[in-house]
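Per-chain numbering from 1; labels A, B, C, D and E assigned in written order.
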Amino acid sequence: MLLINLVWLVPLFPLVGFLINGLGRNVLPKGVIGFIGSLSILLSFIVSIGIFTELNASDIKSFYIPLFDWIHTAAVKVPFAFQIDPLSSIMLLIVTGIGFLIHVYSIGYMKLDNGFGKYFSYLNLFIFFMLLLILGSNYVVMFIGWEGVGLCSYLLIGFWFTNPSFATAAKKAFVMNRIGDLGFLIAIFIIFATFGSVEFGDVFMQAAKMESGNTTLLWITMLLFVGAIGKSAQIPLFTWLPDAMAGPTPVSALIHAATMVTGGVYMIIRSNILFTLSPVTLHLVAVIGIITAILAAAIAVSQTDIKKVLAYSTVSQLGYMFLGLGVGAYTGALFHVITHAFFKALLFLCAGSVIHAMSNEQDMRKMGGLKKKLPITFVTMMAGTLAISGIPPFSGFFSKDEILAHAYEQSPLLWVIGVITALLTSFYMFRMLYLTFYKGFRGTQEQEHHLHESPATMTIPLVILAILAVFGGLIGIPEVFGGHHWLAGFLAPIFEHPGLVIVAETPMNHSTELILMAVSVGGAIIAALYAYSRYVKGSHIPAVDGSSRDLLSKLSYNKFYVDEVYEFIIGRPLNALSSFFYKIIDKGAIDGFVNGLGKATSEGSKVLRLLQSGNVGFYIFMMITGIVALLVYGFYNI
Amino acid sequence: MEILLLIFLPLAGALISSLFGERQQVKTLAFIWSLLSLGLTAYLLSVFNPESSAPQFVVDHSWLSYYGIRFKAGIDGISMIVVLLTNGLIPLIILSSFKHTYKRPGSFYALILLMQSALLLVFTALDAFLFYIGWEASLIPIYFICAIWGGENRIKVNMKFFIYTFAGSLIMLLGIIYLHLQTPDKSYDIQAFYNLSLSTAEQGWIFWAFFLAFAIKMPVFPFHTWQPDTYTEAPTTGTMLLAGIMLKMGIYGAIRWLIPVAPLGFEEWGQFALILAIIGIVYASIIAFTQKDVKRLVAYSSIAHVGLIAAGIFAWNTNGLQGAMIQMINHGINVFGMFFVLDIIIRRLHTRDSFEMGGIAKVAPQLAIAFLIIILGSIALPLTNGFIGEFLLLFGIYQYNIWAALIAGLTIILGAVYMLRLYQRVMLGTTNALTVGFKDIDGTEKLVLGVVCALIIIIGVYPNPILHISEATVKSLVEMVDGKVHGISTTF
Amino acid sequence: MNLFYFVAFLSIFFSLLVIFSKNPVYSVLYLIVTFFTFSIHYILLNAQFLAIVNFIVYMGAILVLFLYVLMLLNLNKESEPMKSNLLKVVGVIAGLCLLLTVAGSLKLLHASDPVLLKNPDIGLVRNLGKVLFKEFLLPFEVSSILLLSAMVGAVLLAKKDITKV
Amino acid sequence: METVSQSIQGIPLNHYILLSAIIFTIGVIGVLIRRNAIIIFMSVELMLNAVNLLLTAFSVYWGDASGQVFVFFIMALAAAEVAIGLAILTMIYRNTNSTDINILNRLKW
Amino acid sequence: MSALITITILALLLLYLGLFKAKKALLPVALIGLMVALVLSLMEWDSNAAPIFSNMMLYDRFAVAFSGITIFLTILIIALSKDYFERISSNVAEYYALILFSLAGIILMVSYHNLSMLFIGIEIMSVSLYILAGIKKRDFASNEAALKYFLMGAFSTGILLFGVTLIYGASGSFDLEGIKQYILKDPTAVSPLLYTGITLLIVGLSFKVGAAPFHFWVPDVYEGSPSLISAYMSTVVKVAGFAAFLRLIMFSFAPLQDFWIPMIIGMSVLSLLIGNVTAVYQQHFKRMLAYSSISHVGYMLFAIIALNGSSDNAVFVYAAAYSVATIIAFGVLILLQGQVGNDSFDSFNGLARKNPFLALTLTIAMLSLAGIPLTAGFIGKFMMFSKALSSYHIFLVVFAALNAMIGIFYYFKVIVAMYFKEEDRKELIVPVYFKLVLGFSALVTIALGVYPDFIASLI
């Protein structure tokens, strides 16, 4: 168990990379920086592979590696410790693996940027925090990573901070995450207060003995879910994710694919016992998930910014994952996390490649016909699109259908909406593909002149990811196709708790399963074909910004006005409240009162000094009044 | 004996500094002198036994014998924390003022050192009268610092500040005298106060008498209106002293003199105080949203942060208190760093209006990084110092009441909003005519900010040594009060 | 017995005249009369020495001084601007209130015992002298300081000062 | 003398007190209603004399000579006071040509 | 007793020196003489003193302490008189003599054991002061001050005497012991005469110390009199008045507390209120000091309200603290009036820059008057508050505390002007005597504030 005990190396490498790149950002040449940045992740990846193999070979499936006492008071003890089990080891692989590819890709993509060193240091830091999130053996360490990735997303989204709207997007991402984080934090408190520990092992062991539907568990899971909503961009906290496109494209890939947004899913899978024991929360998770999925998909169909489309697709796919969680298909959800990591990273990097070629143009209306100029990008992107659309045998198909199958068992309605979402997904993805790569070029002469395929540092990751996107589904081939779902088997230990083993619903009839698959695949293909007829055959190009639309497409185009509504019901009232508090209450009422006391004294002084009239007669008169008063008092008190 | 040295060393420094008059070399002297204090503190820390909850290094001399007043001082875990904060921060504060050429530097630095003496007196006093003396004595130097070297509106603002805080402490004095009169052997000893068993009604009054003083000092809503103005008008050094150290007097007082002395009063009114503190958190945070003036914004943020600490104290459990202890240090460091960054900016731009700034990160990346780290510390990002404190505090509050924790926890969100807003306005965006020539930090600025950032991260990553200092004391204090409240007499 | 009430009446009557007569000189003269009635009171109380001293000191010295100053300053006219009637009424009322309260607070007194001459000798010079020079020797000596300082002061103030301000 | 002093026998002490109080009050009223400083002095003298009378009466009542001795001191004071008062008045008169106390009204508020 | 003789002889000596035109010698002789008197007076420290001169005087610790402090304060004030009287007139010797005469009266006031001594003491003091208030003969303000002081003083003497008479009428004695015995005989059946007498006596003494509502003369007279005399009046005279007041009450009337305590409370509240509130709006330093002195009377009355064995101590400390600080204030005021000719707060602007020493001492004085810790004034206030609280006058103390806050406002006006308002001005020339007095007083103020133990339980 050599490597498992050395698991701290995994986050250490990125941390070291961060420090070297961060401190040497102005000194080191770009080549060195890129090398160090990528190498650090590669090393982590290698160690992760080692850990994975070791774990696979081992009989014990859970390892606890304490590092040091972090917070230790009379009443609270939070060790800084790591936990290795199938879930974390597989997440390690994904994060470091895809992270590495994105690093490599970035070398090419960011070559010309001034903040190259800064960029790589942030990237390394990002991976570092993500690794903490995954490795933490308790909720608090998880929370470090949880907030850490939020910070890094802030830094990276706001990487080009001179653009005010980018900076605002960064802030939005952070703040929205923080809303969720508060929920998470309170959940941690409740966990601590209930179980006396935040260690996963302790908590789950005790939780397994609790009754299903326990109120405390309901509280805990609800609040954890709030955290997950924020991190994984579910309704109502999803609006930061599309805005997060402001960062460099590889960052989007990192955030959307491998890291950060999957944190919420990871956390719920990690806490599966708690969630399983509070069915109410699970229902809510499913409902939120499916609504997010369809809403985001509906928005994506009318977006024109290539990255925005992908962003909403991420939100939508995350909705799927939550649907999966909500219906108890934890394995399915993780499966989708994995496949999504492959194809979404791929798609983003492809989009990055396109944007790179287009000299930072992101509007699909100005693209088109890039198939010839960017062949590798096209092919890989096609693979990604097929995967996300759920076309068999690409990876997305398996994971998505596993979730849908479980959803069907829970409620056919969920399944129906899921399938509709799948249709929409297929439609907008192919729409994007067609608009970008087919027909003639719609951009400027200059852009056309510069069109070129990306350098090898960018295309090689694309190819690798494409292969993963195509074949990634193989790790979870369902029984209906004769597979034995390796992933499910591998993950099984994390669902085994003393006295309670969580299993997904009883496997359904194989024929039903096949019919369901057929319906969703058929729908996806039809949608793809419709997109083909509309955008390739029909040469339809999305209307310019100002043009009039019918209600539905207007809603979609304007993202259902969610941002505006938030601004209206939260942003502006808060600002108004702030002014009100400041001007009326603080300055007016409270300070007014305090100053009023002073003023009253001063005015009182003005009045009282008139007593001192300067007239002796008056003085003596007052004295006599005083004497009389005293005498009268004395008269009554003798 | 060490305590006497600790208290009077800065005083001697003050006397020497005051002889310097107009010569700027006094800076170096004051800095070195404050390092001496720091060294002494380090020594005390090394011989300090954190396992014991009793005061250590106690000195006890007769002082005003007729009234049973003694010069009694000592350091226990709680004191140690604040002493550490005071003596650690003062050198930084002095160092941070190196770029300023204040007129009459001799008096300026003398006042700072004088203030240090008074603060140490407050933090080590074990005699109520002595405590009060230090409490008031610390007010005078800061008043002069703020009023002589402050901004345009300084006179009026500082007068309000002075009278406001003085008002609170006078009422406290009455409370102290009252308690003294109730002690069987007519003493001002803290132990004698702890041993009193007054009726609930009496304790209620005592609670208010003390609470007012502490609430004004911290400040807790709605006794805070002196604070933003004062922070804004004061010279940055003064603001640092005020926010970094002085407001801890209120917190410290509440822990040491308020709740243990009037436990039943606390039982009766503590909830009210907690609610006030929590209101303050949200209220000040929301106000901070729309502040243009950077110093004022940070001032309001400080109200919010201190509100959280206060709430943690009034929740009165080990977590809340330990959180308060460490958060005192953290807040000291963070707010100091914050004001120092703002000072650097204001000194270069001659404006406090955040809307006139922008894009500084582009021209001064090092400053931007430091500022970011400080902001992260103050919005309690994990692995920064603020997190440890806020985590424990919120946990403490949670143990008191979940809704209180939820509302107090809003600070996590709201804090992020206004701090990042500030950062965005000041640092991000494009440079304008004013900020384009902004020079990045150098020399002492780098040193100070480096130390601050390092502290923020070190404490965030490995807070245990600091937590450990106060652990035993906090525990025994909580037990004592709980014992009193529940009618079980336990000896301290 | 009736003599006392008659003299008392005179005392009150003349003292009222003192404060109500417009011409200061008349006031002084009425005051002299009033003091004379006081001397009679002293005699009635068998305090002959006091009666004499009163006669000499007040009527002989003090009031003459008053007259002297009045004449010196040429104030013997009815030139004094009187206070407005309202103020006068207020003053009188205030005075009467004082009287009322003083009398009232004394009214409760049981001591309506008649004044008896327990020791008829106390008012005599010899007797008084003994008391004055034995018991009250110190105050007597010390009052010399009073008179001395008054003397110095009076000279100091009343003298025309040669030096400029 | 004997007869005179006999005649006083039987006057209730109250009546002396009342008489003094009345004259004292007349003095007070004089102080209140007059503006001429000299007349105010005279009113004060009236007050002092009322006190003297009462002291004497008490002295007789108690059969104790110290009351009468005290009267001497009051007389001494009266003399001193009048000397000073009149000196002050002359001084003021020189400056203002008036003894009206209402003219002296600069010091106020 | 020997102090009294020394002072009287000293006064006469000075008169002679004046006669022989030895003007240069006046101040040193006066100072040396007073120091001798101080030493002599302190030498009579005796805890078992018995009344002397047929029970006329009792030179107990109380008397020694208070005559000591009054002589001490007089020394300080006389030291400030260097060149002061010369500017007013040529009859310098008489002025010194008058001050010393009044001091002799004060010695009587603090050591009397018989109402006649009290009366004579008060009158010696007052008569001298009437004159001293008017020594700026051409100055209308001075004239007015003298006349007002005199008229009201004479009036209050009448009241006082009426009170003395009634007490005599009730008890048949002028002797404090005799009165006390009369009361103790049967405190429940005391003659009403006595009650009225006490009331009027309290009124008379309140006038002398300037307690509201008998304070009206204070602002006008302090303002109109020459500053040095105002300083004398507001310190030495006030202390003496208080000592006399306290002595009477402690010695004789203590058994009748229930009767007079409410009266004193009323006066205390009024004094605090009027003194503090009115002072806020003042624009002139001297007048502000006058109002502030009224407010301090309010605090000092606490010692009487909470009468017990340590009241004298409390008053002593308070009076010492208050007086020393006031002397500093007046010292600066004299310099300012002499060299700037104005005492409005604006005329202090920028003083700290040109005269740091002056500003520092004045600041210490103001802090002390405001009752800020580590100054003597705080110890005084602390003792007063302690006393009042110990007899559970909680609301009174809270009220006083509120007033103390108002006090900050006007005391700090001066500090604000000196330190925070910049203005070009000439440096004030500070003579050596002033430096000595101011520095010494400031030192005393701080020393008393830091370590009050050596006088806190003196009496």
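Here, a residue touches a chain if its C-beta (ideal position, glycine included) is under 8 Å from a C-beta of that chain, and two chains touch if they have at least 3 such contacts.
All values reported here derive from a predicted model rather than from experimental measurement.
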Message: For subunit D and subunit E, which third chains touch each of them?
response: A, C
- line: Taking each chain's centre as the mean of its CA atoms, the one lying farthest from the centre of subunit D is chain A
Query: Using C-alpha centroids, which chain lies at the maximum separation from subunit B?
result: C
Statement: argmin over chains of |mean CA - global mean CA| returns B
Query: For this structure, which two chains have more C-beta pairs in contact than any other pair?
result: C-D
Whole-Å gap between the CA centroids of subunit A and subunit D: 99
Statement: When centres are defined as mean Cα positions, the distance from subunit C to subunit E in whole Å is 31
Message: Need the CA-centroid distance for the pair subunit B / subunit E, whole Å please.
response: 42
Task: Mind checking the centre-to-centre distance between subunit A and subunit E? Centres are C-alpha means, answer in whole Å.
output: 78
- line: subunit D touches at least 2 other chains through residues 13, 17, 24, 27-28, 31-33, 35, 41, 61-62, 64, 66, 69, 73, 77, 80-81, 84, 87-89, 91, 94, 101-102, 104-108
Field: Residues of subunit E touching at least two other chains
entry: 116, 120, 123, 127, 130-131, 134, 137-138, 146-148, 151, 155, 166, 192-193, 195-196, 199, 219-220, 409
Message: Residues of subunit A that contact two or more other chains, please.
response: 598, 609, 612, 614, 616-617, 620-621, 624-625, 627, 631, 634, 638
Query: Quick one: which chain pairs are touching?
result: A-B, A-C, A-D, A-E, B-E, C-D, C-E, D-E
- prompt: If you look only at subunit A, which of its residues touch subunit B in the complex?
  reply: 68-76, 140, 143-144, 146-148, 151, 154, 158, 161-164, 167-168, 171, 174-175, 178-179, 181-182, 185-186, 189-190, 192-193, 574-575, 577-579, 581-582, 585-587, 590-591, 594-595, 598
Message: Help me check something: in the complex, which residues belonging to subunit B touch subunit A?
response: 160, 163-164, 222, 224-226, 228, 283, 286-291, 317-319, 322, 359, 361-362, 376, 381-383, 387-388, 391-392, 394-395, 398-399, 402, 405-406, 409-410, 412-413, 416-417, 420-421, 424, 427-430, 461-464, 467-468, 471, 474-475
Field: Residues on subunit D engaged by subunit E in the complex (per definition of touch)
entry: 13, 17, 20, 24, 27-28, 31, 37, 40-41, 44, 47-48, 50-51, 54-55, 58, 61-62, 64, 66-67, 69-70, 73-74, 77, 80-81, 84-85, 87-89, 91-92, 94-96, 101, 104-108
Field: subunit A-facing residues of subunit E, complex
entry: 147-148, 151-152, 155-156, 159, 192, 195-196, 199-200, 202-203, 207, 213-214, 216-217, 219-220, 258-259, 262-263, 266, 273-274, 277-282, 406, 409
Statement: Listed in rising order, the residues of subunit C that touch subunit A in the complex are 83, 87, 90-91, 94-95, 97-98, 101-102, 104-105, 108
